[in-house]
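Chain naming follows the written order as A, B, C and D, and within any one chain the residues start at number 1.
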Amino acid sequence: MRLESNTCQAMVLAATQKAVSLGAFVSVAVVDSGGNLVAFLRMDGAEIAGPTLAVDKAYTAVANKISTQELSVLAAPGGPLFGLHSNGGGRFVIFGGGIPIFDKSGLVLGAIGVSGGAVDEDVACAEAGLTEWMRSSQGSV
Amino acid sequence: MRLESNTCQAMVLAATQKAVSLGAFVSVAVVDSGGNLVAFLRMDGAEIAGPTLAVDKAYTAVANKISTQELSVLAAPGGPLFGLHSNGGGRFVIFGGGIPIFDKSGLVLGAIGVSGGAVDEDVACAEAGLTEWMRSSQGSV
Amino acid sequence: MRLESNTCQAMVLAATQKAVSLGAFVSVAVVDSGGNLVAFLRMDGAEIAGPTLAVDKAYTAVANKISTQELSVLAAPGGPLFGLHSNGGGRFVIFGGGIPIFDKSGLVLGAIGVSGGAVDEDVACAEAGLTEWMRSSQGSV
Amino acid sequence: MRLESNTCQAMVLAATQKAVSLGAFVSVAVVDSGGNLVAFLRMDGAEIAGPTLAVDKAYTAVANKISTQELSVLAAPGGPLFGLHSNGGGRFVIFGGGIPIFDKSGLVLGAIGVSGGAVDEDVACAEAGLTEWMRSSQGSV
């Protein structure tokens, strides 16, 4: 099972629709299991950090098989992975907005990353993208 | 006049539809006048160099206000801009597939970049994206 | 169909055995379809450029779905892809030693990259690794 | 005394066998006294952060002649080396899984780095690799 281009596109749109409902302006990225970009969209008015932060949140989630929200605890000062944010060529983002996508067997298929709103908004948008993936794949995470 | 997110999205889809008609598998990127990514899509089966090459072709086109096809002559050995490919942090691409978008007054609005097919195919897909921009903006280049 | 870790390991060993038979000292890398490293070995006496050149030859081959040997023509001065060697963050190698691996349907599964010998030796070692892949997968390229 | 390629290969395999016994999925890297990669293997199912984190853990251990586990204390907020994680081009990893290898005279010969499991698992796998080195070298650390 692979993330298809059409699905990634639909995920991006679902996440931006969520942002509209929240009054947020975000960038959304979906990467495949290799961490390579498949689909990206920056909403009108969203900050230009989006192309790096949204993509790298998605990359971080797939590379470490964990949400960046969880890393915000694990990689914080005092956490077991403190320092991670400086590694990986500076591409590891350790605050919320990146969520990995798993198939039923636990294999990572890719990830979605959202940036531009408050962290809570980014997370909510990423979850909306994930919901779209579950719908279109009729799968379950 | 600015490139809107919806328009960029439509340009990306128009370029990929052109690729389908050519039997090519491409990545397509649209950047704004600041050279920052707005929309991106990598077709199923398109190579993973796309996320760097399509984005950087678009970046090159807007950054230098010229198509990368024209740069393939100007920046070739013997050309007046030879060496350009090593500048800009390695982001300047000097083969076809990146085309800048101008408004009527000559102001650069952004650019489209396509990578994954043969150079001629990439150029044709980028032109298809540009045609979509002209249609949706009812503007003229 | 995916490249398995055991197969990658066997490919690396096959390539280094070829190097021994040629009197060459090489590094060998195998990457998966996402361009991410699976297996690597640097022979005693092989130069320390190997960890970057062998890995990046393999990366280049999978990212562009073409051997780096072929790129040595296409990306040379006068070729349609001249300038490519400066793109992709400097990771695109355009001399022989990187060969992509395809399944029967033409899907890229990964690539092998060899560096350390003369270009002809590197290519021969990479081909030996590829032969091992075909043997162990009982597939055909 | 130098780390030989065959020994590094054996260390990598010993570390991955330990991972299998723990139910973990890891990447393992061995670097020489110059910090340059000798052997690497990413197990099927291990995350793609491994190629950067395992290699950089090993690099960190040999570069600083100390385990990354020890650095997790020394380089933590409040520790005497706080800030280290941002140095070295982002290649210094300050959580467990990288262990340097010394000869009897205290000369550093190289290091092993493991990434992909929980920190404790990574450390256990690295130690298994080290045990293999001691066995095959009949040396003592």
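We adopt the following convention: a contact is a pair of C-beta atoms (placed from the backbone, for glycine too) under 8 Å apart; a residue touches a chain by one contact, two chains touch by 3 or more.
These numbers were taken from a predicted model, which means no experiment stands behind them.
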Q) Looking at the contacts, which chains touch subunit A and subunit D alike? A) C
Q | Where subunit A and subunit B overlap in contact partners, by chain label | A | C
Q.
Based only on mean CA positions, could you tell me how far subunit A sits from subunit C in angstrom?
A. 31
Q: Let me have the rounded angstrom distance from the C-alpha centre of subunit C over to the C-alpha centre of subunit D, please.
A: 25
Q) With chain centres defined as C-alpha means, what is the inter-centre distance between subunit B and subunit C in Å? A) 29
Q: Would you kindly tell me how far, in whole Å, the mean C-alpha position of subunit D lies from that of subunit B?
A: 43
**Q.** Shared-contact residues (touching 2 or more other chains) in subunit A
**A.** 33-36
Q) Among all the chains shown, which pairs meet the touch rule set out at the top? A) A-B, A-C, A-D, B-C, C-D
Q) Which bits of subunit B are touching subunit A when the two form their complex? A) 2, 4-5, 8-9, 34, 36-44, 48, 50-51
Q. Which part of subunit C faces subunit A closely enough to touch in the complex?
A. 32-36
**Q.** Residue ranges of subunit D in contact with subunit A within the complex
**A.** 45, 47-49, 52-53, 56, 72, 75-77, 85-86, 90-95, 118-119
Q. How about subunit A: which of its residues touch subunit D in the complex?
A. 33-35, 62-65, 77-78, 80-90, 92, 107-108
